[in-house]
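One chain, chain A, appears in both complexes that follow, with chain B as partner in the first and chain C in the second.
Coming up: the complex of A and B.
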């Protein structure tokens, strides 16, 4: 069979997917770019061309810079915590102990719980009047009076990060565990014979095996954390006093609550650009890590 | 093997108990809230264990009496099932041929890379045109419209999984069948697809989980019982003026049940699916 025919046949089999992807992703993306240069409203006529006004207005607004800081804080802290707790949990699950198989099976639960259910669950736990957190801390005499964990700007973001971590660290743990189990036994044994302490063993023997998979998990989790919408919308809607408003929430408000489609589109593209830059930088890092680990 | 001191063994078991408590406590509390009488949940100090288990909320939510809380819940349950089912079938129909093509013809692999790269796009970057487009087609607040939009998430992911699956099926088997005189589609039907059945099942379950979990598009593109999904119904409950927190918890338990069961049953397949990309680097 000729290779030209093979390639043509492959393209024909690929075609349905590509057509649908152009219809539901390609065209909307191009349309968003077009909209971002207009003052179009969500409903009604097309709007007028306004050049880069939407972009300059957005980038110079204090809303944007504050939201960017909030998003970065959320992404950096929650992903870092998920990585550290996830690796610690994986190291634990790689040990011998009673009930290990059951504990490993349980790790799938937070991951499988729908994001909205997770957000609702933690919203109930943080409830200012009847929440379990207030009840537990009061009964342990750690606080005197019930607090509104999601209602105070000082605690709302932390409360969100805890809820996000709880759902996502088990995934990191399972990925890290799979990598740990690929570490050959004789290498760890040899390092013991050579007298390496626990820290050096982790740093020089185990970490090289973890680095590649963990980098991939780090990239995917960071991109997701940067795009975060669901958990925040359900728990705080970006409040109180916009203290938990992330970029995706800001775009939603701009485009759908205030119906400013044009300016919302420009903001959405700024977010897209940020995520892309992040992803490309990370991809380079992953390639470097994979190269040095091999 | 490293010899362990008793102190280390105790330490490991202590850590394991702590981890189990961290994982289980919130989930257990969700269930306990769902069966605690409303008075217990509002008591101060809080009653952590119900005096009598009360399963009536499950009955309330699953009843289909008109204009009840149950009617809203059951219709959103049905919508979620319909949308997840349709979107999964459509995604597989696109992913199986595309995944096979890329697996056997690496020269076109860049097109799949481009499809997968769309994962980086925040849904907000597509939301406004999709909203206008669905509105134009009369597909706002419509299960077909939402299932179509879900292909933006499901199709790239399932194609990638199917491609990895086909990669692990030796092409020599296909070549042998063709030498024996089987045509391409006969070969795929008799040889390749049966061998790929486990991967198809894993991809389908992943797709169902993704669709079941989706919230952003559902929030934007649905407005009433005709198309609202479970995630939107639960967010409505959580954000509304429901005075019985147990009812919200019950809705959460019911919505979590299918994905949690899938997760537990399919554990091994799901983890290898999740980590294959990671371990390969």
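Coming up: the complex of A and C.
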């Protein structure tokens, strides 16, 4: 078979998918770019061309910089915590013990729950009047009185990060667990014979096998955390006093609540650009780690 | 690959199915309601069932969303080419909905009987620029609810007539150790906070706008926020109020953990239901208090209306449905969680029986209803004010500074 035919066949096979992708991703993206240079409303007429006004207004507004900081904090802390907890959970679940299969299945549960359900559950747990967290902490004498976890700027973001971690660490654990199965037993056995302690064994024997898959988990989680919307919308709607408002919530407010489709589109594209930069940087890292691991 | 193709095909068939017009003679209406305060979901379903029984050729699909999602859902459905024929809308949206052509002008369908029979205050809910964009349906304002048991134990004979008195009575209750924080409000970063604030603005005789420009940062508007901050800082207000919505306030009140609470009509009969409430039979209700020398009582216009969307393909059937839902007979039958828009209902024993206290409070409160500003940019104004209220409560900013910033960010 000639290589031209191979190429043609590959393109032919991919064509249906390409058509669908162009229709559902490509066209809306182009449309959004066009929209971002206008003062269009969500409903009604197309709006007038306003050049880069939307972009300069957005980038110079204090709302944007504050929201960017909040989003970054949320993404960095929650993803870091999810990676650590996920790997630790995977190491535990990789041990031989009775009931391991049940635990492994149970661990998936938080991740399998719809985010809105998860957010509603955590709202109940954090409830300032009858929440389980307040009850547990007062009974353990860790706090004197019930507190408003989602009503104070100091604790609201942390509370959201905990809820997000609970939901998403299983994904990291799942990926890490799969990678752990690939670590050859003779190598770990040999390192034991050589007298390597648990930390060194993890650092020099196990981690190299995990690095590649963990990078993939890191990329997926960072991008998702950066785009976070639903869990925050359900739990705090960006409050108190906008202390948990993330970029996606700002986009939503601008485009849908305030119906300014034009500036909403420009903001959405700025966020897309930020996420793309992250994704490309990570992809390069993944290639590097994969290269060094091989 | 094959899977992708199959999925695509399945998706296309599914999407196509939605577009195929129904091959029946009957009309299907899609209606959007809220599942929060006022009529319960069960009430709305029962009313609708009665309508479809009387009109077997019309089918009504009901959808319920929380109040917080109602505006955005309506606008999004419109932006994507429609979906609803009938939508429930809040008193603050007609300006925006009319300007952006979300609702149709139904002025010609409002009969003289309707104009004569419906309370004048209710019409402001659906009017913009002299035109009617629907029928008022939920006639509501925030009342001051009190726990008779706790007031009696504190030796308080009559509920407060002024906001100052409310603070003084709460202090007595707190000092006697009856409750740590006697007052509950809904001050979450949401429209609910604006409704409480507006009640106070009306008490202090403030203005939201003057000549189309923000004026809430001066006079009564400022006094209103200062009252909230003082009440919060003095510890008389439940500090969790800043993350409460109306339903949270109801739960706290029903649990006997609040002596005073500001809430809508629906709490009266719910808190008096011994099935869910620990305070059944002890629920008192009066109009929200006034301010000495300025106002007798205070009230926010928290009414809502039903309108026909501009994209509806069955506007006549949709209007018929609205007429049925807002008719005096229907409203009198379901007058426990929301009171009728019809003036004569308030003297009808079938409506007043068993809730005489609520009706008495309603007669005063509904007459004093103060509107939130009528502007197409209401959502921006409200968002800016919500932030100002929360920043002041949290001590991040003084009420003066917070309101000045809100005025700047209000988009007006």
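Just so we're on the same page, the second predicted complex is superposed on the first by the 278 of 294 C-alpha atoms of A that agree within 3 Å, B and C clash if a C-alpha of one lies under 4 Å from a C-alpha of the other, contacts with A are read in each partner's own complex, and residues count from 1 in each chain.
The rule we apply is simple: a contact is a pair of C-beta atoms (placed from the backbone, for glycine too) under 8 Å apart; a residue touches a chain by one contact, two chains touch by 3 or more.
Note that the structure is a prediction, hence the values are computed from the model and not measured.
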### Query
Does chain B (first) or chain C (second) touch A:84, or do both, or does neither?
neither
### Query
First (chain B), second (chain C), both or neither: which does A:128 touch?
second
### Task
State whether A:285 touches chain B only (first), chain C only (second), both chains, or neither.
neither
### Query
Does the superposition put A:17 against chain B (first), chain C (second), both, or neither?
both
### Query
Touch check for A:242: first (chain B), second (chain C), both, or neither?
second
### Query
Where does A:41 make contact in the superposed view: on chain B (first), on chain C (second), on both, or on neither?
second
### Message
For A:259, using the defined touch cut-off, is the partner it touches chain B, chain C, both, or neither? Pick first, second, both or neither.
### Response
second
### Query
Once the shared chain is lined up, is A:148 touching chain B (first), chain C (second), both, or neither of them?
second
### Query
Does chain A have more residues touched by chain B or by chain C?
B
## Note on the structure
Both chain B and chain C touch chain A at residues 13, 16-17, 20, 42, 129-130, 237, 252, 256, 261
### Task
Show which residues of chain C lie in contact with chain A when the two form their complex.
1, 4-5, 8, 68, 71-72, 75-76, 78-79, 96, 100-102, 188-190, 239-240, 242-243, 248, 251-252, 255, 257, 377, 379-380, 383, 386-387, 390-391, 394, 396, 411
### Task
Spell out the residues on chain B that touch chain A in their complex, using ranges where they run on.
1-2, 9, 12-13, 15-16, 19-20, 22-24, 26-27, 29-30, 33, 41-42, 44-46, 48, 93-95, 97-98, 100-102, 104-105, 107-108, 111-112, 115, 118-133, 148-149, 151-152, 155-156, 159, 184, 209, 212-213, 215-216, 219-220, 230-231, 234-235, 237-239, 245, 248-249, 251-252, 255-256, 259-260, 262-264, 267, 270-272, 274-275, 277-279, 281
### Message
Can you tell me which positions in chain A touch chain B when the two form their complex?
### Response
6-7, 9-11, 13-14, 16-18, 20-21, 24-25, 27-29, 31-32, 35, 42, 89, 92, 95-100, 103, 105-117, 119-125, 127, 129-130, 132, 135, 138-139, 166, 170-171, 174-175, 178-179, 182, 189, 192, 212-213, 215-217, 223, 226-227, 229-230, 233-234, 237, 247-248, 251-252, 255-256, 261, 264-265, 268-269, 271-272, 275-276, 279, 286, 290
### Query
Which positions of chain A touch chain C when the two form their complex?
13, 16-17, 20, 41-44, 128-130, 146, 148, 150-153, 236-242, 252-253, 256-259, 261
